[in-house]
Amino acid sequence: MQLSKLKLVTIIADDSLRHLLEEHITELGAKGYTVSHVEGKGKTGSRDSAWSGENVKIETIVPDVVCDRIISKIANQFFPSYAVIVYISDVEVLRSTHFR
Amino acid sequence: MTSLLSPMVLSFGLGMIAARLRSDLKFPDSLYTSLTIYLMVAIGMKGGYKLSVTPLPEIIVPLLAAIALSAVIPLWCYWLSRRVGKFDRYNAAALAAHYGSVSAVTFSAALAFQDTLNISHEGFMPGLLAIMEIPAILIAIGLTRMSRSNGESESVVPLREILKELLVGKGSVLLVGFLAIGFVSGHHGWEQVSPLFDMPFKGVLTLFLLEAGLVAGRKISDLKQRGFFLIAFGILMPIAHAALGIWLGKLAGLSQGGAAILGILAASASYIAAPAACRVALPEANPSYYLTSSLAVTFPFNLAIGIPLYHYMASVIF
Amino acid sequence: MTSLLSPMVLSFGLGMIAARLRSDLKFPDSLYTSLTIYLMVAIGMKGGYKLSVTPLPEIIVPLLAAIALSAVIPLWCYWLSRRVGKFDRYNAAALAAHYGSVSAVTFSAALAFQDTLNISHEGFMPGLLAIMEIPAILIAIGLTRMSRSNGESESVVPLREILKELLVGKGSVLLVGFLAIGFVSGHHGWEQVSPLFDMPFKGVLTLFLLEAGLVAGRKISDLKQRGFFLIAFGILMPIAHAALGIWLGKLAGLSQGGAAILGILAASASYIAAPAACRVALPEANPSYYLTSSLAVTFPFNLAIGIPLYHYMASVIF
Amino acid sequence: MTSLLSPMVLSFGLGMIAARLRSDLKFPDSLYTSLTIYLMVAIGMKGGYKLSVTPLPEIIVPLLAAIALSAVIPLWCYWLSRRVGKFDRYNAAALAAHYGSVSAVTFSAALAFQDTLNISHEGFMPGLLAIMEIPAILIAIGLTRMSRSNGESESVVPLREILKELLVGKGSVLLVGFLAIGFVSGHHGWEQVSPLFDMPFKGVLTLFLLEAGLVAGRKISDLKQRGFFLIAFGILMPIAHAALGIWLGKLAGLSQGGAAILGILAASASYIAAPAACRVALPEANPSYYLTSSLAVTFPFNLAIGIPLYHYMASVIF
Amino acid sequence: MQLSKLKLVTIIADDSLRHLLEEHITELGAKGYTVSHVEGKGKTGSRDSAWSGENVKIETIVPDVVCDRIISKIANQFFPSYAVIVYISDVEVLRSTHFR
Amino acid sequence: MQLSKLKLVTIIADDSLRHLLEEHITELGAKGYTVSHVEGKGKTGSRDSAWSGENVKIETIVPDVVCDRIISKIANQFFPSYAVIVYISDVEVLRSTHFR
């Protein structure tokens, strides 16, 4: 089985930023992404119901270069005003062509 | 008094108590969303039907009055929050957006109130509800952007984008859409759907208010910060806005019931459209100010005291 | 017979069959939760309304009878599960908690049954339902804690914490809360909400029982382990408890319909409050024992055979 | 005309417009699922009740007609999609499955239409709906498997597995199950549940169609690819199938209203059972073909134009 | 605290494959798994509502050998026809006996 | 872009333990967390509906020292009686100050 190393970028942000973020990561080269509805608590308080707004978790598996582009985009455009967190982990995938 | 003892108001109170007692009672999010959709469809449809069976009343002048109200209310709300409340411009703008915009649920409670007391109003009222949702939000966001110093980094979303999203937001779409559907499908259409959209309306509202009470109860503890200003603001402004609304409504030729509703709209604070817009366009503002004052102060006040009070004010003004 | 052929009972049966056939039919979790909220609000509200329009009957003695029932039932259930069922103390306590507590849905089915046959009962019955939910659970948990050997590590949650959570659990809050709301808002309030909370009640119950049947059907295969004891326990205990309940109800001065309901409450096994409490306070107990016997044995038995049987027993005792 | 202006049709239109305008209006998934369950329970239950109160009409011949329809329709749909549409065998089979199977919501809209115009039909129609759901799907999948070249790798799921899953799929279980429940529980049972399953039916359908419109509106942009064929196919085939269905219905001894319904069933395209089966059994097929033509072309056409048109065709044929 | 290294295998696939996949991974030696309902977009388009079908994310923590078995099973049986993605990451657990 | 290494601690447990766990991890130094509703199967059977109880997945990104505190707390207080699993993975974040 041929495994390749790629990056898994995880973004947690307000639901209302979902479409914007999806567009950005697609433009920057991600070939796909997976979205979950999550609740959360952080510096900006609890986000746990439709009233206070909810979070989404967007996960995308990408090559290193796309990973860099995504995190710098988010750092520049979203960090200044929005409560967004991003983290990166190493994953191995089969069929790496699917993600390039 | 009867109003205070209606299942609707009591159910809101029960929700608040349950939340204070840290009950595990919680509505699934999708139930909340479903009830919201139901209320807006029902309000729109019934308004449209009523328009279709009564001679079309003069609508232009009341419409202008409604727009005027939602254009000026945010101005002084912003000013007061800045000067008296000492809020930064983001939080002041968020408060202005909320109190200039309107609440569909307060409107529903007013409908239930009038229905119980056999007070009538013009059928196009849901149209005013729809029209008053958006302008204040835009104006408030505009205010912050105008007053920003040049060097500051700014949020990613341009104003026209926000306008576009508000215009096709679910509130506008459902209210305007079903107003039209109710109007076009007329008496015959209404008969087909009224067993769902009319008869159980107050029951659904009772359930919704239980959930609203739960959320309001949880928010109350956020009033520790700046609570005094927020409570005063959240009670006095609605009374002033109601008076203004009723008076403008009378000038605009509305019936007494209609003018009371316009007053209630002016007095109500948004907690669907405005919070959603603020999360995107004013992310720097703190929800524990705007959401708390709107949901935990103004909403219960309007529900329990405001609605009967404003009707009394209308009877004095008329 | 009519009872067996009611849409409610048949719908439960359909759910069981569908689950056995491994159908993909599944209710969204939020629909299940919404239906649960509806049923408890509706039961509470109607009971409160009935109390408000009839002269207040003697309630203290029936209340004490109800409390007594839920205090003693867990004792022999625990003892029997330990001695005869050979369960460890955690599983015995969980069974005791479930059979001592009550089921709001069995109660709903009993209401529908009496409504169909025009049998009447006291309006405060939902209050007994609320009061009987909690004591047995506490007593059962207390039993395990008492009998623990000293060295054993124990769960993190203290008993008073559990009591607090039960008292403000959604069952208690909704039942007691809406009993009060129904009582306070009276005939006028009831008229406003009965199109939602009264008329479609049996239809909603039919849907709920479909889902209950689906879950019960899936649980049946868990009966392979200790099935014989669980089936015997899950059928014989309810009959005994019903007899005791009806007899106590008569002594306490309830009407024949009311005593039958008290019997049904005693006979019913919890599957909302008790499982939730056991997951926290008795995590060592195995849900395939307590949930299976409560949901896949006792509930269908009560629904299809128990309710008419207990009414017959009531007519004999009275 | 009245049909075009019914709240149901208008609500679908509103949904489409809202989706085109990129509104954020969205139904929670669990609301969609709940409404689907409601519609199928209501259709089944009412059909069963009607059967229980009218002398049992001849059912065998119409049943055979329905099966024949759903066995032959996929054949020419497959052939046309391959030859004229130039689709590969997976996509052709998926289209054949969808147009050979049926739509419970189109059926519901037809019921609402007939109810409004006081047209009557045989009570066993929901049975035909249930029976017509499955055969076409199996035949279409069978067609692809037959025509596969030997070396090709094939999906993991055997045909008999698929048949089993379809037979116990939620559509079949709810329709057949509640047809039986409605029949067995008769007039008395119907009275108990009709406030939920009969009176609000058209209102619920209005809500459901709003959501269907939203989804259809989003799918329209998928018509860029092969749009011309899909639009032509999605309008002409239903008309042809309707004519065939009405004619067969007449031969089979159905009333005019019943034959019109059979025509509508033949004309309708599935978007619950068939897409689900295709995702498992024909994963190579592209949903932007089959789902788009079924949901964004055929469904709106049937709803707005087809249903009245087919009734007109029935009046000509009879 | 004794930490052991294990593999976290994540599978994203159409909801309708859920039971099949669950059976496979159990047979191949996984002692448990966790399932989330997610939405997604990839080569085969958007999967984001009950109409178009939704995805599930199945996560299972397993020893290396079971991990290998699972990914080769999925590569052979599901990759040819289905839109399934799989990725592997390293995790550390307490009580590794729970997962063996 | 300055990336820092932190730990991602993932806890899967019965829904009813959610508030207790949230309080614990906040007390032990986590600055935030993200919660998802998940279903699962393991040694204690299926947990996949409101009837049988559902699981939550709590994810928190923390410095190593907080990570150690959290896992030893859970190992001591929850492992003896409750069906809880915990695992740790390495992640890289921007703005590590957000998590300290």
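Just a few scattered comments:
Should a chain be cited, it is by its letter among A, B, C, D, E and F, assigned in written order, with residues numbered from 1 in that chain.
Assume contacts are C-beta pairs under 8 Å (C-beta built on N, C-alpha and C of every residue); 3 or more make two chains touch, one makes a residue touch a chain.
Note that the structure is predicted; figures quoted are calculated from it, not measured.
Considering every other chain in turn, the ones in contact with both chain A and chain F prove to be E. Taking each chain's centre as the mean of its C-alpha atoms, the one that lies farthest from the centre of chain A is C. Counting every residue number used by either copy at the chain C-chain D contact, under half are found in both chains. Distance between chain centres (mean CA atoms), chain B to chain F: 39 Å.
Between chain D and chain F the centroid-to-centroid distance comes to 46 Å (mean Cα coordinates, whole Å).
With touch defined as above, residues shared between interfaces to two or more other chains in chain E number as follows: 36, 89-90. The set of chain C residues that touch two or more partner chains comprises 28-30, 33, 200. Chain pairs that touch one another: A-B, A-E, A-F, B-C, B-D, C-D, C-F, D-E, E-F. By the touch criterion given at the top, residues 2, 5-8, 10-11, 14, 17-18, 21-31, 112, 116, 199-200, 202-204, 206-207, 210 of chain D touch chain B in their complex. Touching chain B in their complex are the following residues of chain C: 28-30, 33-34, 37-38, 41, 45, 165, 168-170, 173-174, 177-178, 180-182, 184-186, 188-189, 192-197, 200.
Chain A contributes residues 10, 12, 36-43, 48, 55, 57, 68, 71-72, 74-75, 79, 85-90 to its touches with chain F in the complex. Within the complex, the chain B residues that touch chain A are 29, 32-33, 153-157, 215, 271, 275-276, 279-280, 283-284, 286-288, 291, 295.
Residues 14, 16-17, 20, 44-45, 49-54, 77-78, 80-83 of chain F are the ones that touch chain C when the two sit in their complex.
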